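Chain IDs A, B, C, D, E and F follow the sequence of writing; residue 1 opens each chain.
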Amino acid sequence: MSDTIGSHPASWAGKPYREIEELATSDGSVLVVPVGSIEQHGHHLPVATDTILADAVAKAGAEHADDSVPVLLTPPVWAGYSPHHRSFGGTITREHGSLRETLEEIADAALDNGFDALLLLNGHGGNASLIDSAVSTIGVDQPDSEVLGLTYFELAEPFIDEIRESEIGGMAHAGEFETSLMLHLRPELVHDDREGTYQEEPYDRSQQDLFVGGPLSVYRPFEDYSPSGAIGDPTLATAEKGARIHDRLGDAMGDLLERIHEENR
Amino acid sequence: MSDTIGSHPASWAGKPYREIEELATSDGSVLVVPVGSIEQHGHHLPVATDTILADAVAKAGAEHADDSVPVLLTPPVWAGYSPHHRSFGGTITREHGSLRETLEEIADAALDNGFDALLLLNGHGGNASLIDSAVSTIGVDQPDSEVLGLTYFELAEPFIDEIRESEIGGMAHAGEFETSLMLHLRPELVHDDREGTYQEEPYDRSQQDLFVGGPLSVYRPFEDYSPSGAIGDPTLATAEKGARIHDRLGDAMGDLLERIHEENR
Amino acid sequence: MSDTIGSHPASWAGKPYREIEELATSDGSVLVVPVGSIEQHGHHLPVATDTILADAVAKAGAEHADDSVPVLLTPPVWAGYSPHHRSFGGTITREHGSLRETLEEIADAALDNGFDALLLLNGHGGNASLIDSAVSTIGVDQPDSEVLGLTYFELAEPFIDEIRESEIGGMAHAGEFETSLMLHLRPELVHDDREGTYQEEPYDRSQQDLFVGGPLSVYRPFEDYSPSGAIGDPTLATAEKGARIHDRLGDAMGDLLERIHEENR
Amino acid sequence: MSDTIGSHPASWAGKPYREIEELATSDGSVLVVPVGSIEQHGHHLPVATDTILADAVAKAGAEHADDSVPVLLTPPVWAGYSPHHRSFGGTITREHGSLRETLEEIADAALDNGFDALLLLNGHGGNASLIDSAVSTIGVDQPDSEVLGLTYFELAEPFIDEIRESEIGGMAHAGEFETSLMLHLRPELVHDDREGTYQEEPYDRSQQDLFVGGPLSVYRPFEDYSPSGAIGDPTLATAEKGARIHDRLGDAMGDLLERIHEENR
Amino acid sequence: MSDTIGSHPASWAGKPYREIEELATSDGSVLVVPVGSIEQHGHHLPVATDTILADAVAKAGAEHADDSVPVLLTPPVWAGYSPHHRSFGGTITREHGSLRETLEEIADAALDNGFDALLLLNGHGGNASLIDSAVSTIGVDQPDSEVLGLTYFELAEPFIDEIRESEIGGMAHAGEFETSLMLHLRPELVHDDREGTYQEEPYDRSQQDLFVGGPLSVYRPFEDYSPSGAIGDPTLATAEKGARIHDRLGDAMGDLLERIHEENR
Amino acid sequence: MSDTIGSHPASWAGKPYREIEELATSDGSVLVVPVGSIEQHGHHLPVATDTILADAVAKAGAEHADDSVPVLLTPPVWAGYSPHHRSFGGTITREHGSLRETLEEIADAALDNGFDALLLLNGHGGNASLIDSAVSTIGVDQPDSEVLGLTYFELAEPFIDEIRESEIGGMAHAGEFETSLMLHLRPELVHDDREGTYQEEPYDRSQQDLFVGGPLSVYRPFEDYSPSGAIGDPTLATAEKGARIHDRLGDAMGDLLERIHEENR
């Protein structure tokens, strides 16, 4: 899939302004802002993995949704909140407050065009509470639009057990899940040195995995978890799993866009 | 009327500074900062319900934990993030960024005394992502202390089905759960007009209840959910249920404090 | 142990929102926000002394004022501006700008309910200029309410010489005045080790005492003044003096609330 | 027309940097930063009155102080905190937080040269709490310098009753005091239309005059006090009174600079 | 050229972190951060034109530079400072201060990896002073790296007269220059309705064109200049001109990268 | 020593507020805000050189402009953005963001009086991008006034070659140009030790001189350029050149004020 800036049919970036205006003022229009990160993903995945995947799921959703849904995608916000990865190289992290402000400004200027709904589609666990917070602060400022937020891999929770081979902890940062998706979508960017590790987290009610969580929030720099930076089991990843996951995510995302469209027309 | 600021044995407020220093520098010391809100809680509950309950659970935890655990409690941060309640009267909300800054400053000055761990104990759903965010920003700035966050009612998730009578949606804002706790702890503050309502939320993967959630985050002012401001079924609340919940929460909180103490000595 | 957040009859925290609305929209309604601190008070007083006393005077005022005065009290803002105490343990200080912002946000949300007047009632000398500043910034933003500020011990200036035994300098931080009030109000929190010291301040036109001031403002960390942190003479304090001071303060505060009520109906 | 920025012998502005360095590193060196305002001063005084007077007193002090005192003056900070005058024309007010930040930045850069003490010399009542606050925030950041603040007219309090003819209230904003000083120092800028008024302030324990104050702080826009903007009695002002006040202020200021020098060598 | 995120050989986004670290610590390493905008570009060009072009020139430079130059490119910062375009649709503008902060944070985290030099490569005239400002604020904070900034079209100034057909004013926003480059690089995104206009600017010493400037800075919303949003003459644009410009820009950019590399090894 | 704040006939500072209001509401009224700096200017020039010169050119312009042009001048903003000079003594620099905010606040309060146009007249190269930025942020907030910015020495570019004797690089910081103007305007402040140096800047397309620039922006602290702090050739400066430059600048500035007046009536 060639993907130069603005080349996707649903891309805001590639259109002249009058087309954007027209789409934004259509009934039940939805704007999606993918939000990722640039942070270490072990020795085998590129640092933009979260950005690439959030962007890919946004596009897949736009493709799966019914053609009657007026949907536009901004380019991905590629620098996320990743202080816990910074001691590794290759990480470009934002400050918490100013990243939220960035999202608020983007939402403010974009929604001004008349969209009925905004979805912040996140690709990075470390952004999750920030995205929830931004949904709230944007929502307060934009009473005329529905404002939503979602971390894309949560869409896989209902079906992931059909696919996963690793135990709990294996589908964590740069593990079986993300590596499979990258092997499917961008195999040329996946390296061979798939060194991962299962994290040891003392509290049983804190996050264990992308899909197994708990209510206790703990701050821990990633060098405490893993020497390579990867957590989970990337050796179980395959392109075939990636293709299945991608297809299911596209379906779920398309359904969600249709639902948002229906609710806001 | 007697005033009890600082009267609890674990209260930071009531001690001279040298006692605080001694406790903070004890091995495996834990500081708990309860965070609540002042916001409408329907016609029957006082606006400080979330503050009262977070504070009560913190105190119950300190009482249930083994005496060997050095634990201190600050007074509760009583103004939370409640813009979605503001159209009702009685709500004192903070701005998102400045409330996070408030928590960071409290943590910075308090941890300076030498605590090994900090737990932000939250009592208000609308604060949850902010608390998670603060755990992270405080954690980055305080590499020598373990920084954790928890919304107290999550501690009830493992046992709540033994107690609840309402269906999903009944234990929401000012519903069966919070009203029961208040009937047990502060019956003189609970009024008779227990008008609640079940919310209708179009997205099936968004939050339904204090205990039944979903990954989709939606901003919605509370006047869209409920004319009285209460969501759920407060008529099912009893003091007896409140007593059982309070006791179980105290146990769970005490266990958590012991666990934190063990991990950080 | 019972917890009394919201138990005072004039307490905002303990009421359901409709009662707050009704009171706020009464003619000549007054809102009082007590502002204290958590900072070292020598070896004998608890760190929350300023918070406890500001809160107590606010309550005494509400009790002394005529029943026709519609008055509500928020919980006390318990973290003040205390960088000059920070080198001692037990101090939780806020930053200057963000504490002012905190007060502005509380005022903004609270006055939105319709109060005719707001009084920031301060208990800590180190907050005094911040409170004055907040009166001004809040006043600019709230043209429809009268905005006032007061440090409570200034109310004692007209009568304190009838009571004091110490010389100038003896009624300073944790000295004869504050210790007497605490012996009356919260004797169980007052410890025996009443080590104080008279400060030596080189400039004769700077602050000498809670009641003897001068126009020259000087910044000085408290470790330059006193090894124990207490300044003045706490050994002269008695519960009986405390009772007399408390009663006179209650009268004066009640009169002030009545005057504010009269002026703003 | 000649322009005299930097022409005073103690002026920082008029010296090459090496002279400033030499002076700043002298034993017991003192830096004075005059802070004024640009705000309406009735029909007869220019809007820069407070700036002109703070600057003049700083210069008079430098002239009266012993030659052995190493003292430098920055140019006056001419835009102060004057929101309460803004409804009148001619007022250039700053925001509270950013003016404090301005003073902090000036102090930070200036003290970096090695001064032993800093005095913020204020000329505007509306700046007074802001100056006190800045003394504190600068003091925290500059532990190696003594940081002080003073509103210049407070220096006149001990002797003003020998000179004043007006009753309490007559020496307020643009009244007998300021007008006399301006008639002495800048008579060409004083206009004939000296319309003043005595303020009516309902609270007896609030500020009545430049010299008669009280502990109660009230925010009130000046149009509530006076139709012309001037408060007090400017008709009693004379150049001869101005000369006497100026001379006494110069003496007092010189003494203070000597005292600061002595204390900090 | 296929250009999925991270697919260019010099792309930071597409590499695992250890490769980035290795490159960043090479002698004379250079990091380029392209900065563009999303703003109306008339009826014929896509809103991301400035982002697309800054990104393309950065890549062309990396390709033209000698292989010995260690250079990395971040993804483009796609939201710039465009308030003057906001009244047209399709514009996503940032606030000035927070965009500068965004660049500072990106620089801070990226330079932490050890780059010897940073170049902010700007594609939008409205960003130019902001970029210059960021060069300075980043430079102050990063004394160990050379910090530079450039608006890419300035590189064309020495040769553009060989290519341009329009008069002064014709190579302005979405005019002959930008349209030619887009016809060469992304012809599928260029629409036929090439409505442009020559701006009428009253001050002869203000900016007239991308290449003819003046020292007087004026703020003017673009609707005052042009009904379509485009200024200049896009009808003179050709893909052939675009190819020539692109090739010359690539040369100039490659030379500059080599020069920066040489100066900083 | 007489002090002349407010003594110029066009000075805002010296007028009572009603005169300012009258002038501001005149047709085609123009407000000029001079912005300078306090920063090292070698061994021979005072640190306020940029402030003195911006202020002098503003005054010369007001004198040369036709009497029918309603123009007012604020006092100069004397602390600019000079971090690159800070390692030398005598420099009082502001932070970038807060200086811009300062200018915005001054503009906001001043334009509120009704001026038709605002010109920020800058005297310091290091302020130039900040001034351009402020023109834009002020312009956005003030749609009813024309907002402009100019660095005064750019007005000399058309004629300076008639006067200059130095080669490129000789009319830089504290060189032939500024020293000549100071010898003419404030000879008593110019010292004999005129040590300058020609900077060596590796990039041929970066700034070489006040009058010879380039598009490449580089951050470099001034101690890298010159041991004395002066760049260029101050030994070629004469008072006679200064007089010619001053006269031509006054003409050009007067013409510009007339033009602004004409365009905005």
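Just so we're on the same page, a residue touches a chain if its C-beta (ideal position, glycine included) is under 8 Å from a C-beta of that chain, and two chains touch if they have at least 3 such contacts.
Computed from a predicted model, the values in this text were never measured in an experiment.
Engineer: Which chains lie in contact with each of chain C and chain F?
Structural biologist: Chains that touch both chain C and chain F, as defined above, are D.
Engineer: Over the chains that touch one another, what is the least number of steps taking chain B to chain E?
Structural biologist: Minimum number of steps from chain B to chain E: 2.
Engineer: Quick check on the contact network: minimum steps from chain A to chain C?
Structural biologist: Minimal hop count between chain A and chain C: 2.
Engineer: If you match contact pairs by residue number, which of B-C, E-F or A-B shares over half of them with D-F?
Structural biologist: B-C
Engineer: With contacts defined as at the top, give the pair, B-C or E-F, that has more of them.
Structural biologist: Looking at B-C and E-F side by side, B-C shows more C-beta contacts.
Engineer: Let me spell it out: compute each chain's centre from its C-alpha atoms, then which one is farthest from chain B's centre?
Structural biologist: Chain F.
Engineer: Could you work out how far the Cα centre of chain A sits from that of chain D, in whole Å?
Structural biologist: Each chain's C-alpha centroid was found; their separation is 57 Å.
Engineer: Calculate how many whole Å lie between the centre of chain B and the centre of chain D, each centre taken as the average of the chain's C-alpha atoms.
Structural biologist: Those two chain centres are 49 Å apart.
Engineer: Indicate the whole-number Å distance between the mean C-alpha point of chain C and the mean C-alpha point of chain D.
Structural biologist: It comes to 30 Å between the two C-alpha centres.
Engineer: Quick check: what residues of chain C touch more than one other chain, meaning two or more?
Structural biologist: Residues of chain C never touch two or more of the other chains.
Engineer: From chain C, heading first to chain D, what order do the chains fall in as you go round?
Structural biologist: Once chain C is placed first and chain D next, the ring gives C, D, F, E, A, B.
Engineer: Which bits of chain C are touching chain D when the two form their complex?
Structural biologist: 81, 83-84, 96-97, 100, 126, 128-133, 135-140, 143, 146-151, 154-155, 157, 202-203, 205, 215-221, 256, 259, 263
Engineer: For a test of understanding, state which residues of chain C touch chain B in their complex under the given definition.
Structural biologist: Going through chain C, the ones touching chain B are 1-8, 12-21, 24, 38, 40-48, 51-52, 55-56, 59, 74-76, 78-79, 86, 88-95, 98, 101-102, 105-106, 109-110, 112-113, 185-186, 188-189, 191, 229.
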